[in-house]
Every structure is written in C-alpha cells, then in structure tokens.
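To keep things simple, chains are lettered A, B, C, D and E as they appear, and every chain counts its residues starting from 1.
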C-alpha cells in the first residue's frame, strides 16, 4: 500500500549563515493495506515530519514515497491534488485543526464540496451521516468549533477526514491534548472506524501504551532514524534496540 | 509610590530651575540723555548745566561719562557724543526677522537683501526712505555717452577688514555679479564691461542705451565687498554701519557698530537678528520682550500690540503690490469690458478692512503705490467700487442673468471665474476669498483655488487660469522699467502670461528705456500707467503695508518701502 | 554578538539602497520647476534665461537615471549634493540643523521617559485604580491631541499669558529655557505612547507564571515587581525608544515650525517652500539613515538585554 | 485551568461590549459619520459663504462656534470639515489597507523571493519617519485633496503589509490550513477561505487606529499648509488660518482643534477596544483563574 | 498529627463568564512525611487547591474555610506572615517550568534569591548553596549551569531547576504541580525518580493527572473531580480497589487498562451539575444521584468515597 525508502528531510535556516537540522534522516518502511503502523518516539525525533512528508505537505530533501504504485514525489501539483483526498491527516490539536470561522457542518462538508461529486442536497445527507458516524449530534452541525470540547472537535476532524473515503490516514498524536477519559473515547472510535472502513493508518504517538493498543506493527524512531520496527508484541516482549528498551523500562530500573 | 513622588519631585525641581534661569536680564541705558527725551542733543548739555547749577534735579542719565558724578565733564562728553567723538550709548537691539539665508554672500541670489538689512553691505547708489535715488558709496555719476557711465567713488571709506574701498573693489564686486556662474547674471546682461578709470572712478559700459543703469546698482546683489575676504559665504567685510560678528544659519546673525563708518557716528552698539518664520511667534516674542523689534507682525495682532503701552506698531506702504493676472486669451476675459467690470466689482476698501484687518495695506489704484516717485496715482481715477457699472459693462458683453437664478450667464452657462493663488504670503488667500465674495455679489460664480508657487506658475504659463492673485515688489530698485516692461511690453515674460499686447505701450516703454531725461521718461510712464489701467490685463488690488512692531525704547527706525534697508546708523535703544 | 552586528550591517545594504532610491524618486513626481522658485526674488518672477541656465547647470535637463547616479556619487562623497539656495554642501546645513533636533529630541525623550515609566508601572500595578484611570485617560488625550495644537496652547499659556518661558527661538545655542516648551510638546505625546506600552507590558509580565513562582518563594511584592517583573517589562519599552525616536523626528516637523527651533524638521519645511530639492532629498535620506542606525542600535541593545536572544546570536 | 481559547468572535464581541471606553469611541465615530452624512442638514450656515459684516463674531446663538475672519460660520465649517477628515481617513486607510493586505498575503503565504522583495521594500519605507516622507511628497506635489491622500497612502500601506504578513504567518501554522491542503484544495481556495478570514481581524484593529493616525497626519499637513485646499473647510487648515487670530478670536483655533482631538480620540478608543477584545493574551488573562 | 489540614475549603472566583467554583467544600489532611497524590483531569480545580494553600490566588478570589499548617490558619495570616511561609515552610513547584522560570535572570540567581531571603545568607553563600541545590537535583556541571539562563536548559533540566528552587530552603512541605507534564517518557522517568528521592523526608502534595506517576511516588492518593474530592485511599487501594465510579472509569480508560471510556465530558466549574457532580457520566446513577449531593464517607479503613453506593 505504502512504501517509503530512504526518506530525508533537512531543515535549513538563516539567510547568510545557513544551518541545517536533520529532522528525518533516511527513514524506510512500508505499510500494508488495512494495517496500522504505530510510530513512537520522543518529541523532536522527527516522527511528525515523517507524517507530513508522506502526504507531501512538505517536500522531502531526498527519498521515495510509493503510494498504491504511484510515485508520490514525482507527481505534478495537479496530479497531487487529485491524489490527496486518498491520503488524510489528523493533527494533535483538534482546536487548531478546524477553521474557527466555519461551522462544524461546513467544515465537514468542505471536502465534499471541493470534490464536487455531490449536489448540495447530497452533501447535507452525507454530512449528517458522518456526524452520526463519529458520535456527534445533528445539532452540532450549526455550532462553531469553540462551542465544542476538544474531544468533540477531534470527532469533527475524523468526520471531515472520513468524508473523502480515504485509503490512508496519518494520525499525528490525535489524543495528546485530551484528557485520559476523552482519549479513550476517541481512540476507541478510531479503532471502530478503521475496522468498518478498512483504513490504513500511520499512528504517531509518544505514548507507548496508546500505540500498543492501536497498532499492528510498531516503528520506534530516535533522532530522525527508525531504530526498530516489528509487531506490537515483538516490540513489547522482545525489544532489541537499547533505546526501545529504555522506553519500555519502568522508571525504577533507570 | 514613594519612588514616583521622588521622580515627580525631581521633575518639579528641574522645571523650577529652568523657570528661574529664564528671568529677564537688565539692559543698557541712554547715558547722556539728561532731559530724558530719548535723544541726545544740545538741550541735554544745557540740562546738565542746569543740574550743576542746581536748577534741575539730578538723574542717572545725566552722568554721560558714567563716572558717578555729574559735572562739566559730562557736558563735554555729551558734546563729544553729538560730534561723534565719543561712542553713542545706543545699546543693543534684538530683532525678529522673517527670512534668512544659509550664506552671507550678497552676490548669491537675494542674500544681498538680508545682509543689507543687517547694515553690513552697501551699494554704489541706494534709494532713501522716500524712494529717491541717492549716491551711497558713489559720490555721483556722469553719463559720458548713451552707453557709458562714469561713476565717481567716495575716497574716505574702508571695509570692515581694513581694506580701503576703491575702484578695484567696485570692479571686483560687480564682476562677481556678471560672472556666468552667478544665478542672477542675466539681469545684468546689459552691462558690457566695468572698468577702473582711476582709483576712485569706474566706467560702466552698457550694450545699448539703458536708462535704469544707475538704478540697477541699488540692488544689493551689487553690494561692494572687500576683495580680500576668503570665503564670503561665512565671513563678511562690507562698508556699512555694522560689522558681522556671528552668523548662525537659520538661527541668528549678530552685528556690532562699525566705529569707522564713513557716514558718521553709528548710534547703536550692536544688534542681533533672530530669524523666525512664523509671524505669530514673532509677535509673541515682541510682546514677551524677547525681541525689541519684529518685522512682519500679523495684521490681526497689530491692534493688540499697538495697544500695549510699551509697544508700537509702525506701518508704511511698501512697493509690494497685490494684483491679479487676467487671462486675456480666454473668453470672455479677452473682452476689455469684462475685465473692467471685474475691476469695478472689486471693493478694495473692503478687502483692506477685512482680509487685511484694516492695517495690512492700502487700496490700489494702479500698479505703483503713491510712495513711488514714478507713481501716476495722483492723476489716475482708478476703479472705484461700482456694482452698477460692473453689471452694465457685463451686460454690454452679453453677460446677464438669462435664466433668473441669480447667477450671471455667459454663452448659455453660468459665468464662472476661478481665482488661483498661493499660500506662502498670508494675505493672498483671504484676499482672494473676499474678492470671490464680491464677485458673487454681482452674480459671478467665483471660487478660490490655492496652489504652491511652482504649480501655480506652471498653470498660469499654460494659460490654465482665469485670474491669478500674485504679489510683486513692483520697483525694488526704484525704477519703473523693471516691472512695466516685464508685465506690459508684448515681449515681456509676464505679459506672455496674460497675453497682453499693446503696440502703443510697447513703444512708450521702449522709448522710456532709452531716454535719459527724467521728465520725458515720466511722461511715457504716466501714459503707460493710464493705458494699462484702461486695458486691465492685470487687476491691481492693494499695496502691502509693512508692519513693524517695536518697543517704544527703540528710536530712529524708519521703514524703507523697497524692503531693502532696515538697520541704519540712526537707530538706538534707550532701554 | 559581533557576527550578529556584521550580519545586520550586511542586511542593511539593500535597504539603504532602496532608501536612496525612494528619496531620489521624489524628483519624479515634481510638477512645476524648482529653478523657477529658486530664482524668484523678493520682487517676484524669475528671469527665464536664468531659469534655463540654472536647469542646465544643475543637470536637471539630464535623463533621470544619470541624475540619480550623480546624486549617488554625491552621497558617496558624503556631501549629499549642493543646496540650490546657498550653493553649499547639503550635509553641512543638515548636520548643523540636526544638532538642534537631536538636542530637542534627547530632552524630549528624557521628559517622556521620566513621565511614562513610573506612570506605566503604577498604572499596571494598580490596575483600574484612580491613578490608572487618570493616567490612561491622560495618555489617550496625549496621543489624540495634535501636537501643533498643544504647542500653540502652551505658548499662549506659558509664554504669552504667564510670560514664564520664551515663546520661541533657539536662544543662546539652544539653551534649556528655550527648550522647555518644545520639548514638553514633543515629549508628552511620546510619553503617552510609552506609558501605555509600559503599562501593558507590565500587566502582561505580572500575569506570567514566573511572577507567581517568585511570589511562591516568599519574595516581597517590591522585589517581585521591581526585579522580576520590571526586568522583563522594560525590554519591549527599550525597543520602543527607536520607534519613539521616529515619532520625535516626525513631531519635530510641526513643533520646530511652531517654536522656530532651527532643527531638521524646520529645515525640511523651509526647503519644501523653497523647492531646494537637494536639501529635501538630503533631509529625507539623512533622517532615514539616522533612523535605520538608531533602530540597529536598539536591536543590538535589545539582544543584549534579552538573554534569550543574546545567547542565540552568540551561537 | 486552561479554558477553551478559540471562542474568538463571540468573546470578541462580549469583550468589546464590556469596554465602556470603546463603546464611547464607537458612539462618537457613529456620530461623526452621521455628522458627515448630514452636514448640509445640520449646518446652520453655508460653510463657504463669507459674511464680511459679521467677521470674528464670538460664539453666540446664531453662530455656536463663532465666525472666522471672513465671517464664515465655524460651526458649519467644523461640521463640513468632518467630511474631509473622515474621507481622507477612510480613503487612505482603504487604499493602504488594500495594498498592504494584498502584499501581506503574497509575502506571508508565498514566502521566498516575493516575501524578500516586499519585506525589504517595507523595511526601506519604514526607515522614513512617516510625517517627514508624507510632508516631502505632499510638499513637492503641492496642496490638494488627492495629493494629501497620495502622500499619506505612500507611507501608510507598509504597516498593513507587515501586520497582514505576520497574521498570515501565524494562521498558516494552524492545522486546518494543512488539512485543507491535504483535502486537495487550491492555494487560492485556502487563502480566501481559510487564511484571510482568520488573519484579517488584526487588520481591522490596525485600520481603526490607522484612521486616527491618518486624520492626524492630514491635519498636520493642513496645518503646515500642504493640506486640502480651500474652499473646502479642513480642520488642520482652519487651525492654521485661525492661528493668526489666536488671541483676538481664540474660537477660530479652539474648535477645529477640539474637533481633531475628539475624532482621533474616538478612533483610538475604538481601536484600543477592538484590540483589547481581539488580543488573545489579554483575553486569556482575564479568563484565567 | 497532620502537618496540614484543610477544612471546609471553598475557593470561588469571578470571571466574565460567571463564578468559577474551583474548590467546593474540601476537607483534607496531610500527615507529616506523607506524600499525597492529588489526581484529576484538566479543569477539576486541583491547581487552585494547591495555590490556595500558599495563597497565590488573585485578590478577587473568595476563599472560605480553614487551612491549618502546624496549627495556624494560613488564611488568617497577614501578607507579610504568609510570605515567611512561602518557600521557607511550604514550597510550591509550579507547573510548566518554561514559563515559571524568569527568562531574564540566571537560574542560579533565581534559586539563590529564596535562600538569601529565608536563610539570611549573603549573595555569594546563597549562590554557592544554589549550585549545591542544582547538584542535588543531578544537574551536571552545576557551577556553570547556575550562571546560565533558563532558555539554555532543556525541558527536563528546567524541571530539575524548579525542583531545586522548591527544595532550596529545605521546606517542610512541597506542593508539586504537574512536574511531569509535557515531558518525554525517558525524561519523565528521571524526574519521577528524582522526586521520589528528594521527598523521602518531606511532606508533599503531588498534583497530577498521571496516575502512573502518582502511583510511583505517593503514599496516598485522592481523586478530585469538579472541585470535589471523590475518593481518598492509600495508593495500593486506589489501584486495586477503586470505589468511586469515576475512579473506576478513570482507571479503565487508561490504555494499559483497556481504554474503556467514560461517557460524556467533565462539567465546567461554572455550571456544575446538581446532585452528585459525576452523575451525568455515571453508569450507576439513579434519581437520588441526580438530586442529592453525596458526602465523602469512610467506606473501608482509611478509604473514603463520595458515592451513594456506599451510603
């Protein structure tokens, strides 16, 4: 389904005295159709950058991304735009993921309008459908993001992402800004949806427990590189890389 | 909180110190003026004698030599002052002036005007307070031929730097004006050469016969400078009653008495000119006692200042005439009757009363104010305010209110006139506004538009105007040719703006320029003045009054109508 | 730090170039002819022959880009061209006039800071108190009152009616008493701005977590405000000095006109009336360059004051 | 104690409503607009009709603000003067904000070379103290309505470009922009639908305060004699004219001066109110704890 | 004998949206050398409770009840007296070290400040002590680090510095507010370990939303919800035998416990539900829960819960 090879992204700064930071430094992995790959690592290890690179929201310095036999990096702007609905992203902060000036209903309807397959009546039906799917009330349609809680907004984001029937979703710390009790709600919802809609997911998180719960396989990232990759069980039961071991160890063993 | 109180306290102390420092300081007194009549003359000698004889009471001023005693020595001292052997206790004067220059070189542009006002430089000839041409550094002249003028010079003069004044200095100074690099050299194109005949005689040869030759030597650009000064831009050495002491561009210039002045004892010891562009500020400074004199005080303040016991306002007509160019190339202004009608519609007395606060000027008859010897005003009738006459003249040209809306119509549409003017002279805008009201009264749809000078000039040159209100000094050198030939001779630059051309006027002007007989010239110029009034290519509105506010202690000040001479040897301060 | 300064200086080059271009392009928009005005005497009118000569002599007949390069050359020579009026190097006049402006600006700045900083602090600490309300109202009036109006009212009151202070003028080379009224006129409006800034940064600072942290240590309010809060709150105020300087320069145009203060603002107004283009361009360019360097200095000061930036630029 | 921080608009309005000073400012501004629109109906006299017999009349029933040196009604002139001031303010801010917003969008959204060029130009423009530059332009162009507008616009647009760019840069950081991009939306769509609506608020604040600045600048130019030309009454020019009669007829100077001050005050109050209501830092501070 | 005892504490403060009832009738005792975990989700009032102990709340706040420290009611002390308690007797480690350290002052000076004030040491001695403290919290190269500014520290180091600051005057009690929030897993582990070490001989109120961390450090745990304490027990009991439905739900929603969510969301402190604060989200709620307000009762020995199930 998705194959990336030797992906690199260096950020440079400064106009005259350039400095570059190797955010992603030669990352390769693949994801099977219908699989959830968990990507764990500490903040600043480059995991979010990987997510963005996959969707070509930023341009990689080097590397290859093959999505469904399409070489994503070779696509022209127009072709990329056509591909984009198939690959979607869920961000950390649900509040910043929604345009504060758009009603919830409009935010969900936006991808449908952009796609242009449905007429306004069709869109309305579909939006109501999606709202129900993610466990919101129809009356939420006319609310603004600030009138909803973080958890509810993350549901809206999910609804918007699902509107396009994507094949692949990058979920970048979707619950890190939520409280524990709400986090459980959202994660469960995601699991249900994945099953129902046969989604392929790259699940990025710093929380090992959460990743274990969500993923089929787990990749551990450290300083821009993937240090270990394997099934959830393999990682938790028989970690090989010392960094993974540190992550897993309880604090008293430090 | 405590800290703030401290800070506020410090501020208060500082302000307090500043206030204390601003207390006025005492100034000089007119020692020798024993009878306190503000002049030192023989009566004072008598008065001192009376004091010595105990017939009069002692006073401080009677102690002329300031030795603490009043005795016969003081009588002698007063005599010395009168004779010029002893310095006149004339004190010092501070004057708020209007304009300044960044240089003191009289040959640069019109800087000569400013340094002459300070009494530093002099010219070969000058106009006195009655605009009579008199020799200054010259003793006289002789016309050798139509084009040759022999000028004899004073022999007893030295420059401030000690250089003797002679023909070389004159040749040097005038050649500086004739030099190509001088921006005003074209005005002196008529001069072919200046030559030294002997030490105290120079010969000026002109290209062709040119009557105003001598008068042109009154322009301060021809000020005679010492040939031995290195940088005339920052230093000065003239022959005038005052020597330059310090010059701070844009701020002030101070001068002191020239003890060796050829014209006799200089009464004032020193003077300081402060350059204050804002008229209101000058007035306030005068009132606050920061200056003893202020030139160009605002008309609205004249009454208030005059009303103060210690202040006076002196006013006098100047040679500055406010007039409107009329676009005679544009219908219906090409019709002389329309121009005359406008002349009749204008109520000049009202303009003076309102726009000029009753003090700022004198209603004009024609081009030259009456202070000008060449003015024909006594023989002219001028245009007196007469709305009936104006309306009937306009009716003659088919300008009547055809549609009964109270506005006169010309050629089927309302008769509109725009008066364009500029704002740098404060009188222009209100004057134009009053004229507009007066034109409105007879039904002309008029309005004012202001421009800055270059824009206005450009629009006028393009013929894009109806009436343009301007102010000109009509005879800075005292000769009528300057203004008349520019404005009314067909080839004149300004006549090109109005489109005025009258062959008779051309002939008269040409004849007057090449005639050397004053009587004959006067006849020509009188005719010209009559004719242009009749033809009205320009509409004369008023002659500006110079308004000078001064402390009553300042004595001997006289207004020169040509706005060239200001500080003279006869002024002093009794304060 | 040195590297940072050099970096900043290099970045200035294109800006300085643009600044000269903008200053010069003022010439493009001239209607009318400067020669006409320059050569018009007190009598009125200018001699057409002289006008033509003048244009050629001053190079006004040349293509505009040549004129620009000539001007650039004069800038590099450091004289900024020659005044049409006095025929002297523009820079001489500007420097002597700027001296007066600088004097006035410094005194105004001192007055302004002496008023605004304590007032801003008190207002912030005692938010919504009477003193806060009064000073904020005053500050609002200060920014809203046109300084030309304020200047005139001050003259009317202190100089004309009460006679305490001189009306106008430079006095003896700009002595203090002549400076008070113009400096107050200039200073109050900038004080108004600074007071508001001081108050708002102070308010912002005292609501920061580290202020709570300082209180949690048991420090007294005096230390908390005077040390922890003030040190942070003053940083943006310091950077305001640069802006304030521009504000003072702007104000100087009007204030110097009213008070006959022979500074660069008055020079500008005079030069405009006289159409002394080299002088106008020179003034504009000079003021811009001064302002650029003041801001550069403020930036450097800022990086010095704020350790967050100081150490970043060091690396 | 973090509260939801995204309730921009509603809390904006709520904040604004609580700010009595801002409401006062808004009221005065509305009043000014009313005066401007109905100046002919409100004026007791023709503002340009001179009545030479009644010159320099002190304020009275007939002439509430007195008359000037040509006997024109100052009250009427002040009323009409609001037209000039407000229209200069609105036109300049309108043009400057449009230019600034467009350039700010280009600069902020595109980045790279266009950003460099625009920002260097802005930097260069900002190097000039604004009144100095405006004065030079107005002075050289000569007095007149259009010239005044031109002169002030030239110096004013930069602030909008700067603010817009900054605002765009911060809005651009929001995930919904990336989300829209990942939905396959075009740049134009993203800018118009997502970025500009969220980035424009600070521009409104700056524009409101900008009107005050512009009116003051216009009045300053008028005062220096480079303003709008007669017969249009303009406050700065009236002040300049009235200056000569400062003592004989102080009302000539006092009323136009007051008019300028009140107008600027009103826009400042309004702008401050808008800014306070908008500024998330201020708002959060009030909500927290 | 408890070191700190809170009785009937109510903390309310006005905002423009209404009165925030952050703390509602709380009774709590902390014994000497006890490490008590205060667990709760965002917006339940736990930080306010911590702040109210050393009275670091804005003046508009209304506080009722008593907070007795060593027998003295802290709420009755003058401002001057409470300043002598702060930092010296009770130190608070505020959350978010990035904003809680003054950016323009050197870290060492910020620590030394309190030492200077409370222990009367001179500048140099205080600074030396500050370096000592930095060493105590295992900051390498402490002498150099003391002269650095906060932004030169990493997140974990800043937290350590905050802890050093709290410990600087050897206070009897520490209030630590979310010291592990926002830290990476590995760093978090280090900080937890450090906290555990340095507080062995101290009384601590440990405020957190992270049950795992609390379990590591604390002897007892109390669960706060909507401004009230819902449950109180020793750490083991809370994990093994949670009594309150909220505690149960909270535990179950942890990923490691199977991610079983509690329905609905936390109420706002402005608009609290009637009856039991938790009833809208509670699976066991009945009519009584909706109308009547349960009290905190001792269900087992030293295990309290606020639920009608046990009434």
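Methods note: a residue touches a chain if its C-beta (ideal position, glycine included) is under 8 Å from a C-beta of that chain, and two chains touch if they have at least 3 such contacts.
Model, not experiment: these values are computed from the prediction.
A.B. asks: Between chain B and chain C, how many steps is the shortest route if every step has to go to a touching chain?
C.D. replies: Minimum step count, chain B to chain C: 1.
A.B. asks: Measuring between Cα centroids, which chain is at the maximum distance from chain E?
C.D. replies: B
A.B. asks: Need the central chain here, defined by C-alpha centroid distance to the all-chain C-alpha centroid.
C.D. replies: The chain sitting closest to the overall C-alpha centre is C.
A.B. asks: Could you please state the distance in Å, as a whole number, between where the Cα atoms of chain C are centred and where those of chain E are centred?
C.D. replies: Whole-Å distance between the two chain centres: 52.
A.B. asks: Taking each chain's centre as the mean position of its Cα atoms, how many Å separate chain A from chain D?
C.D. replies: One centre to the other, that is 45 Å.
A.B. asks: Based only on mean CA positions, could you tell me how far chain A sits from chain B in angstrom?
C.D. replies: Roughly 87 Å, centre to centre.
A.B. asks: What positions in chain E touch 2 or more of the other chains?
C.D. replies: Residues 42.
A.B. asks: Among the residues of chain C, which ones contact at least 2 other chains?
C.D. replies: Within chain C, the residues that touch at least two other chains are 30-32, 160, 257, 273.
A.B. asks: Can you list the chain D residues in contact with two or more other chains?
C.D. replies: 139, 142, 243, 246-247
A.B. asks: Could you list, by residue number, the parts of chain D that touch chain A in their complex?
C.D. replies: Spelled out, the residues of chain D in touch with chain A are 4-10, 173-176, 178-186, 189, 193-194, 197-198.
A.B. asks: Per the contact definition, I'd like the list of chain A residues that touch chain E in the complex.
C.D. replies: 42-43, 149, 151-152, 179-185, 187-188, 206-210, 212-213, 246-247, 249-252, 254
A.B. asks: Could you please specify the touching residues of chain A with respect to chain D in the complex?
C.D. replies: Per the touch definition, chain A meets chain D at residues 52, 55, 57, 81-85, 87-89, 91-93, 95-101, 107, 110-111, 114-115, 144-147, 149-150, 157, 160, 164.
A.B. asks: Under the stated contact criterion, what part of chain D meets chain C in this complex?
C.D. replies: 120-121, 123-125, 127-133, 135-137, 139-142, 212, 216, 219-220, 223-224, 226, 236, 239, 243, 246-247, 250, 253, 257, 260-262, 264-265, 268-269, 272, 281, 285, 288
A.B. asks: Would you tell me which residues of chain C are touching chain E in their complex?
C.D. replies: 208-210, 212-220, 223, 227-228, 231-232, 235, 305-308, 311
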